[in-house]
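Order of writing sets the labels: A, B, C and D. Residues in every chain begin at 1.
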Amino acid sequence: MLFEKDYFLTGKINEECGVFGVFNVKDAASLTYFGLHALQHRGQEASGIATSNKKEIKCIKGRGLLTETFNNRVIKELKGVHAVGHVRYSTAGGNEIENIQPIMVRSHKGDFAVSHNGNIVNAKELREEMENNGSIFQGTSDSEIIGHLIQREQGDFVEKIRKAVLHLEGAFAFVVMRENEMYAVRDHNGLRPLSVAKVDNGYVVSSESCAFDIVNGREEFDVLPGELLKIDYNGIQHIQYAEKTQLKMCAMEYIYFSRPDSSIDGINVHTARKLSGRMLAKIDKEAGDVEADIVVGVPDSSLSAAMGYAEESGLPYELGLIKNRYVGRTFIQPTQAQRERGVRMKLSAVRDIVKGKRIILVDDSIVRGTTSKRIVQLLKDAGATEVHVRIGSPAITHPCFYGVDTSSRKELISARKNNEEVRDFIIADSLKFLEVDKMMEAFETENLCVACFNGVYPTDLFNLGVQLKEEIENER
Amino acid sequence: MLFEKDYFLTGKINEECGVFGVFNVKDAASLTYFGLHALQHRGQEASGIATSNKKEIKCIKGRGLLTETFNNRVIKELKGVHAVGHVRYSTAGGNEIENIQPIMVRSHKGDFAVSHNGNIVNAKELREEMENNGSIFQGTSDSEIIGHLIQREQGDFVEKIRKAVLHLEGAFAFVVMRENEMYAVRDHNGLRPLSVAKVDNGYVVSSESCAFDIVNGREEFDVLPGELLKIDYNGIQHIQYAEKTQLKMCAMEYIYFSRPDSSIDGINVHTARKLSGRMLAKIDKEAGDVEADIVVGVPDSSLSAAMGYAEESGLPYELGLIKNRYVGRTFIQPTQAQRERGVRMKLSAVRDIVKGKRIILVDDSIVRGTTSKRIVQLLKDAGATEVHVRIGSPAITHPCFYGVDTSSRKELISARKNNEEVRDFIIADSLKFLEVDKMMEAFETENLCVACFNGVYPTDLFNLGVQLKEEIENER
Amino acid sequence: MLFEKDYFLTGKINEECGVFGVFNVKDAASLTYFGLHALQHRGQEASGIATSNKKEIKCIKGRGLLTETFNNRVIKELKGVHAVGHVRYSTAGGNEIENIQPIMVRSHKGDFAVSHNGNIVNAKELREEMENNGSIFQGTSDSEIIGHLIQREQGDFVEKIRKAVLHLEGAFAFVVMRENEMYAVRDHNGLRPLSVAKVDNGYVVSSESCAFDIVNGREEFDVLPGELLKIDYNGIQHIQYAEKTQLKMCAMEYIYFSRPDSSIDGINVHTARKLSGRMLAKIDKEAGDVEADIVVGVPDSSLSAAMGYAEESGLPYELGLIKNRYVGRTFIQPTQAQRERGVRMKLSAVRDIVKGKRIILVDDSIVRGTTSKRIVQLLKDAGATEVHVRIGSPAITHPCFYGVDTSSRKELISARKNNEEVRDFIIADSLKFLEVDKMMEAFETENLCVACFNGVYPTDLFNLGVQLKEEIENER
Amino acid sequence: MLFEKDYFLTGKINEECGVFGVFNVKDAASLTYFGLHALQHRGQEASGIATSNKKEIKCIKGRGLLTETFNNRVIKELKGVHAVGHVRYSTAGGNEIENIQPIMVRSHKGDFAVSHNGNIVNAKELREEMENNGSIFQGTSDSEIIGHLIQREQGDFVEKIRKAVLHLEGAFAFVVMRENEMYAVRDHNGLRPLSVAKVDNGYVVSSESCAFDIVNGREEFDVLPGELLKIDYNGIQHIQYAEKTQLKMCAMEYIYFSRPDSSIDGINVHTARKLSGRMLAKIDKEAGDVEADIVVGVPDSSLSAAMGYAEESGLPYELGLIKNRYVGRTFIQPTQAQRERGVRMKLSAVRDIVKGKRIILVDDSIVRGTTSKRIVQLLKDAGATEVHVRIGSPAITHPCFYGVDTSSRKELISARKNNEEVRDFIIADSLKFLEVDKMMEAFETENLCVACFNGVYPTDLFNLGVQLKEEIENER
């Protein structure tokens, strides 16, 4: 399960960033604000919007939620018909001001702004090479690398971007705004989502399609793997920059990153989750080994899968866990002695529902296991007699190098323990994950990156691969 | 349906206040903080906590969410083993600092603090009488009246409270904290909820039982209608102050105020809602007049009822509407031309689910009808072919004088229009409310105040009754 | 010497509150804001403004500087042509929200707002009496007592105020605003200042005349001791409510409270201070016992006296101490080991001026002596060879009961030590105070309260006198 | 005269930035905080501190005063024994987050942080050249250029800096911090000040010596023109990087930028100002053409000069103008009709002093003349019969290209009007500036940049010179 931000609990997968762009629509800043608002679940650490009034670019950004940086007055300052915005999820070590996006590049040949989602696996190599050539980096974000690469290349701007992208290895989906043009790029494996829609006579670009509704977007389509779009007053030009492409969309986007009302590469997120729940139920039915009274999902990201499980199994779907809507970023930390309170401030068990019940608890994933354990405890404290945990995705055994912050293998409980040990740790009565092939069968697609489940990475890993090998070696 | 606070939409019922008290438990302020956090849905306009260190009372309060006034440093300043807190929902005209609770009474005979939830219908009469006797009122809250009444009466403190309460007419549930005692009072109709639980060797008092879990409360019970509890180091003393009592719990608490994991007067809120949904389905089945594909609830308060409807009808329960978790209090207001954006910033239709579907849309109530209309529109824009609205409560035709802010009858759409006209206004394909008797049958209780549905008020209405009569007259 | 607020140093006299009122002038809230801004030196802990739009009164108040509570948007909310405002200085124990002024009294007979400066010495007696009669007090401010007294009295409003004031003993200057009237009152000893001026066709009332300039006030005059002014659309009505009056203006207002550009009861503050400096120089000249090179004043309040000393003595006036303009309320506290830094963050010695010099250091007063000691040290560290301290007022030996927060006698260094001992404590080479008679000779008036210098209090002291007697007894 | 920041008035010279560095002293962040606090008058728009714990560099920065970004908690996060800080004054167009200093350069060869004060006149040329070579600039600050130049050069770090500096033309004083070294550089004309002192076994570097006192600095000295200091654990290494050097210290630093308790290149600021006042008086005495009653200085920067004038002339120095200590950054803007209030919120005339008097008003400079006019008006409104304005510096006729924001010649009143016309504009009864030679005579040095007074610029002006020529041409 995923909390918006894990303040009390550790060991959970972190969320992704969100990018949003507007080309040639009135009040572009305001539209970007609404778009980023719909993408706020992808990042709450910082946000920024840059606008172009066709002559110059202005950029405002700051820490925290969108609402902490932007209000009516600030949005008014951001005049223009083009805009690019960003909501940022950052890891502990990188919350410096220099990393807040969009990254601005100020140049006598024309300024540009970059908003990026993903992770460049050859970032270290690229930085060192450019530093050796005299470039300076002020922060540690990959967007700054993209800016440098573009600036360094020769040719007209579309050519500069095309050449720059060829240096990048990893997962990326980014938008570049110039005074009168916009560019949208997706990596050649399509690891990160990026969609486009029409609005009035212009265009919007977004990490997730859920942001199109609020801006009245229509005629949506996905940027293709290895594709570079140039958007200007003449419309959209599609450029396939990579020779070899494949679609390996991050499975975690379906499993819990994205909003249920988003569709990515033709698959609706809610539907995919529900199908994963159905598949879990089918497997249980076939095995015939679990008797239960009710199905409960961990809010919010696992409700769809729980509903699917309930439908398939015929068991009643119940609201056994409630999420507190007022969990914010500045909460008082419980004292050491009250550590249990962390999960209880976010989730409550509905005693009258769970008391005396055998429960199928559907969750989306298990990372370190500590949160799962606390939730099972919560249900048992409220009187549940049995808690059978069903996970709508495979066990995570490998680190992600493409933007999902699961750190090292050591923290992944399933990398260190077998299924029975994990079940024991989370004090569940039974535990099942969805195997990779079953998940693909459920989602009805094989166009997924499942590296964190099986260690098959779709890109070269550069020095990261070395790290990983060492980690695996060290474990022996 | 209920939004936390209606910033863009008008015409919705407002929420209630929440009170919380702690007697003789370590770190009382911290416990009160966690308790109020669980009650935050009852009020977001202001909050306050007063603590007693057995010798003196200190009170800190401020505007906005709990987290805007309290942090670790502030909580540390509030030393003591007793505490009383409040989260306030205030109407537009009353957000002055003087109305933030707890209300402190500073006296050479000993200070006390009052936290109150409800509405005193003879407030005007009481104030005028006391003002004529020289009392001054600094704000417009009912709590201030309670403070005055207590101070004015003679006898020991429990006697003063007992006498004071006899002057009050209306709905009230309040807690009074002195240096070394605590009092909890509920009106003789039990219109507002108030529960007690044990924690360690002390006690906690709360508007809703959902707050007990986080503080490890046990052995919960409800304060009875017309009961006054005195809590001190000897335990709890139960005093029945009123001769004639009955239980007429506000039906709206079950329908949407309270959290699903709360139980009030023996009935779990989620269960009650689910039963109302089942009843709606039964009625539809008996009538046999609706064919539909899926059941969708308006998040969050109507999900339980929708689940009940789905179970009873056999139709699939679907996540057709998604609620944005980041709707806060300081959002940019959409321009006049973008007014539709209001509802869309909070709710999104899941296009892949609702497209081409005939939908049973379950909501908890309709006040002015404007929000309902926008939600129906949202679903139809997303491709729903039919939207059949089912309301888990009766049509609201009368104003509430007990704390539910529905203003005058003129604003209540069902007070002015018949069922067909309302259906037409909200552009639904069909519309059904749950009748009063069917709701009671569903909830399996008749101990409900249903005045807003049928105009039968359980208390004297004083001058308010005159207003109402005039209103009804004027309508003719 | 006086710092705006003593964050690092203890033992200094605290400042007074400031009141400001506007009757019948356009944009009254804005005018009050500007007026309070000119009075901000009298209190930085909280501020408030209430306005009347002729029909109802609205009040906004909050903690901290004026700018922390008020901005253009807030001022716009405060519509009306009448206003009353307050800046509050509060002692450590009294910073509760309930004590922020103006105090509002809401009544069915008409609301009113009270802003008060001073100290009621029979407050305890009045509160107890009213509490026994059933009144409740929410805070601990004297203004609340004034509100109660007014409300309790019978008759028309001017009669109610007149009767109420007769109960008050002590130092007070307050303004009451009703929907369409304003009242200004000063105690019968005139212990606290209060002035009036015309603005357009209306009036403004202010604690100090320095606030009149910014609002274009003209035809200024002081409210007389024992006088009650009623201001309405017919003009000003002067009512002498007290039979026996005398002018005993607080000497400390001249010595350091008030701004140099204010005039109180006909005497300009800067002029009075300068004359005190001249008198100090005359005394030194007559004694012929000090040789020095330069005269240095402690900024800001002692600069006038230092200039007077320099002129009279013929010694050069030098800028030997500089005050940092950015000392604010939220500064980082130096660690224990860096305690000296406190005074150095506020004051710097100009090394090139003071090095090798024999200095006459002119200050306005000594309370505990710790700050004086640090300043002398500062100058000696910067190379001064001798520092001769000259104080522009007598030694403070008695507590003030009229609003000047000097706490108990024990903290007053001159109440416990003789002149030589004090000199030794502050490590000065010589030390002289101005005797009471010499100060009066310098100021050219005997209409001063000098109780803190000689223990002769102009009012009955009630229980406070008892405290004092005990204190003096205990010292023996 | 200079206001801390001109919110209501336009046309005034802006202030400079301040830099501060600490090498090898415990609690370096805390020390830097105190040092920057003493330099806060040099910039209030933004501030930042970077610290090195010998292994890595952490940087925190933000908008507004030091106290808006830093508190005890933040300072604690900045661990280390080395630090570099900055307070920034920015012009309207450059308040983007990218321009806040220190500028961080993150590199695999080791990070470094740059804090800079001054203006690089060949910035445009350098940027274009580096951009053409593929460098990207994120902001518009000169510090970013310095970072790029250092990074681009080859050799060890001291060599990289030495080579980098040779490309810079203009006014600069900057500090570079690496993990275990610090560098301090001053331009070859010494246009901006930079001083060093010892603290314990380490060193501090500061724009002004006034910051040394609070950190217990000793053995102060100035970095020489054209000098580069390398500070490491072995001590300080002095490197003269420029072949041709001269001392042309900005005269404006003495006239009003710097704090009176600072000494720059051996001259105390207060003393210099006082001598300029004396010189003005001598000139008046020799001319014998002015009769006056009192001397008044515009607070705070002109008080020293006014004191000098008074001493030399024998006229009494008087506190005729009072400055409000609470003028902050978030004040309510007076409406158009109340524009006069701007100057009155900051300055008040002491009516009792100036009434009926012939005044010598000493100010430090005149830029556009509008503020001077308002101050003269203020005094006349308060009853002054004559106001004779004496300026402690020459008439400003040329723009500054070295960091003093006087924009174009067109805004400089003395570039367009002769002395009599200026006098007429500011409604003074007479007006005299101090001629360049007289100022040098007063200051007892010729080591001054006086380009803004006579157009003789000590550096090549690049394209700026072209602009200037065009401006002068256009005026003809």
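Convention: a residue touches a chain if its C-beta (ideal position, glycine included) is under 8 Å from a C-beta of that chain, and two chains touch if they have at least 3 such contacts.
In this text, all values refer to a predicted model and were calculated from it rather than measured experimentally.
Student: Treat each pair of touching chains as one step and give the shortest count from subunit B to subunit D.
Tutor: 2
Student: Which whole number of Å gives the spacing of the CA centres of subunit B and subunit C?
Tutor: Chain centroid spacing, subunit B to subunit C, equals 48 Å.
Student: Counting in whole Å, what is the centre-to-centre distance of subunit C and subunit D, each centre being its mean C-alpha position?
Tutor: 36
Student: Show the residues in subunit D shared as contacts by 2 or more other chains, in ascending order.
Tutor: none
Student: Return all touching chain pairs.
Tutor: A-B, A-D, B-C, C-D
Student: Would you mind writing out the residues of subunit A in touch with subunit B in their complex?
Tutor: Touch residues, subunit A against subunit B: 4, 27, 30, 33-34, 37-38, 40-41, 44, 65-67, 70-72, 75, 210, 213-214, 259-261, 263, 268, 270-271, 300, 303-304, 307, 311, 316-319, 322, 324-326, 328, 330-335, 341, 344-345, 348-353, 382.
Student: Could you list, by residue number, the parts of subunit D that touch subunit A in their complex?
Tutor: Touch residues, subunit D against subunit A: 59-62, 96-98, 100, 103-109, 124, 127-128, 130-131, 133-140, 144, 147-148, 151-152.
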